[in-house]
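Sharing a structure here in structure tokens format.
Labels run A, B, C, D, E and F following the written order; every chain starts at residue 1.
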């Protein structure tokens, strides 16, 4: 397939979840780990849509939870490609909570994840070039490149 | 209760999980998000044991997944307090996977999370002083303090 | 709140799900009941967003499953208001499956559900007027009205 | 296997479920989608017992939910064959809720589903003849035939 | 309510479950613990139906698993009252597995559980007298009485 | 691998679980069946770690639940080998509940399970010799031998 590249919009994904009883702790707050699970799932869909390959999660950047999310609320997760390397991809996820009874929507978290496209033997495979269409996408791409440097530095430090 | 402080050992926790079919993707690899969920759960237990209060997840530091974990493997998560502030706590989690048929154990991830102790109205409440008992615990405590500065800096930047 | 009415777009919702092992039967096909569960969930979000009240499912119209959906596929569900009565709402849900490795997207099902907005004692409460903005929305609204007549007829027959 | 046919009683199935916290919304009512999931599961068991083949859900007829079912209640689902075609089967499901503390049992829903027996390549395969043993079974069989005509009509309309 | 007693038949319950991927280990065998969970659930329904009170599981007798149950099989659980004391109840559960493709049904396990009826403060409350209707029920009742003696003996030993 | 035997300590396992909403009944008490599920899971890990083979649950001895466990509590399960036969293994599990807010820890149950190591065709395979290191382990081993006799007796009785 003579794949020339893919735009950010082609793989961008929005997910919505309802906070059900088993997603909450004894105060009726959404468990942090359940939110991380949803963040990884929507990020994985974006990476899968960009690469059209099986993918694995390689890393997640620091993540802050600004506001508690309550039982019965909706959680909206918006994810899109920031950067595409040879076989790795960086995805940004914005998380919002929505109070079902008032409609009030609050920004809850921003997450950054990297995924690697692999074949059925687990070997990395190339992904399409990421086509940047506007100033904002170019800015996000540049920030992603800086993070990549820091991440590689962090990994090489861990090895020694 | 005249709580004078608690050692790291008093709240340290080890959790073990089996990778069942629903925890895996179509290649039989453990989902990244399920692992994050377990990491948050064991971290929350440590914070709850140190504070003996309801707690909420406040942040997670950058996290790398070094090796895929397969269906049927065990996942061992070891968590302990790094730092205790006024009402916030930093917990470190080491993740190992264990091949059930060979016993081979591999270090899979290191995670750092912060939790805040709260009352039943969601207001932060004080936590016991963390008693450091040896050189390693003091070193981890110091690193945690540096991370705290960086995290506060990161949060204040986001606000502006 | 001087609610004058709400457009179809204000409550329209898109949901995406990944077919994981526990959602499938022994042939690796998505269970029909799991799909119905997702259909009801996205429909309930639309009804909740339109009414901003707790809601209950009142009925589901006949539903055909045109093509099997396989393990690892994405399921995309698009839902929007067709009709808003005094306290009942009719929601239409279009279901598509997407092959993660080829991107091929197939229309899988169309579902029609009704929900009733209730208060915390379970009593029906009024919902905002549905504002129709174009020809297609008006056509869907009219078809919904006909279905409502048939449904009321069906229910009255059952009572006798 | 010289299968001559099977009676309705040979595949009839009764299922019982307890409404646990994760099956309910924030008012403690059973989620409509969870009930649909159970309906599909018991219907699939009947179709599987009649055909002794893998089966897929092909359609569900219109479904009304007459009364809310509460947390802790039992749900009893009674399912049986209405009609057996070449490889398709129509199953009727009656749903009752039972208040665990009073024993009061209420009829909650009636559902009609069709299933298709398939082989391991997904191709339709023949099912045993349905043996009708009494007047009621013959009446249900006739109504199912009428529904089949309407369903085929509905499907052919959708195609154009 | 002038409850004079209840027969064994009045609370007898049959449950059916399908073995789905997440209920199995890496060999595709039903997990022992999942089966125990279903056994407890159907036993609890019987105790709840006999007492019409909230109930708690007090004990389970020795349990053998005679044959492995495979993915896609049905599990049929038949439960009924053996004995009713002041507030405790003994329930017997027979477990069968059914191969969906051949119909072969195998006896898999026999379980004996005791439950205690309680009020909303957790205090034991009286349960209806168990009416025995035939020789078999009387025999099961007598065996249950012997087990009760042994169980009380076992518990008093543990306390010393 | 010239496996000479394994000590009890080599396979001993501790598991910790949090009681979440879906693990509880309508009084907020942990379901007995969920606890049995966790008991079987930690026992299976011990048997798998001792044998390094796939294993199946063969039996569970009588089990008493001394105290109710509440929503939000921790459950700690400590499991270790009591006895290793040719291909069967007996594992003992001690269950404690821990009140997250007070730290109070209570002994909840003691369970005894047997597992059989199998190959990928389901045939029993030999397991390493169990090395007993102290008086307590020798005592537990002896009691396990007695139980084994009783179990074999029980099984042979059932067959006739």
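Please note the rule applied: a residue touches a chain if its C-beta (ideal position, glycine included) is under 8 Å from a C-beta of that chain, and two chains touch if they have at least 3 such contacts.
Just so it is clear, the model here is predicted, and its values are computed rather than measured.
Q: Among the other chains, which touch chain C and chain F together?
A: Under the touch definition, chain C and chain F have A, B, D, E as mutual neighbours.
Q: Looking at CA centres, what chain is most distant from chain D?
A: Farthest by centroid: B.
Q: For the homomeric pair chain D and chain E, should the interface be classed as same or different, according to whether the shared residue numbers exceed half of all numbers used?
A: Result for this pair: same.
Q: Have a look at A-F, E-F or D-E and name the one that copies the B-C interface, over half of its contact pairs being the same.
A: A-F
Q: At what distance in angstrom does the C-alpha mean of chain C lie from that of chain A?
A: 27
Q: Using mean CA coordinates as chain centres, what's the chain C-chain D distance in Å?
A: Those two chain centres are 21 Å apart.
Q: Centre to centre, by mean C-alpha position, how many angstrom separate chain A and chain E?
A: 46
Q: Let me have the rounded angstrom distance from the C-alpha centre of chain A over to the C-alpha centre of chain D, please.
A: 40
Q: Do you know which chain E residues sit against two or more other chains?
A: If we look for residues of chain E contacting two or more partner chains, we find 21-22, 25-26, 41, 44, 54.
Q: Just spell out which pairs of chains touch, all of them.
A: According to the stated criterion, the contacting chain pairs are A-B, A-C, A-D, A-F, B-C, B-E, B-F, C-D, C-E, D-E, D-F, E-F.
Q: Under the touch definition given earlier, write down the residues of chain F that touch chain D in their complex.
A: Contact set of chain F toward chain D: 21-22, 24-26.
Q: Which of the residues in chain E come into contact with chain D in the complex?
A: 13-16, 18, 41-42, 44-45, 48-49, 52-54, 74, 100-103
Q: Taking the touch rule as given, give the residues of chain A at its contact with chain B in the complex, in rising order.
A: Listed in rising order, the residues of chain A that touch chain B are 25-27, 29, 31-34, 36-41, 44, 54, 56-65, 68, 110, 113, 118, 120, 122, 151, 154-155, 158.
Q: For the complex, give me every residue of chain E touching chain C.
A: 20-22, 71-72
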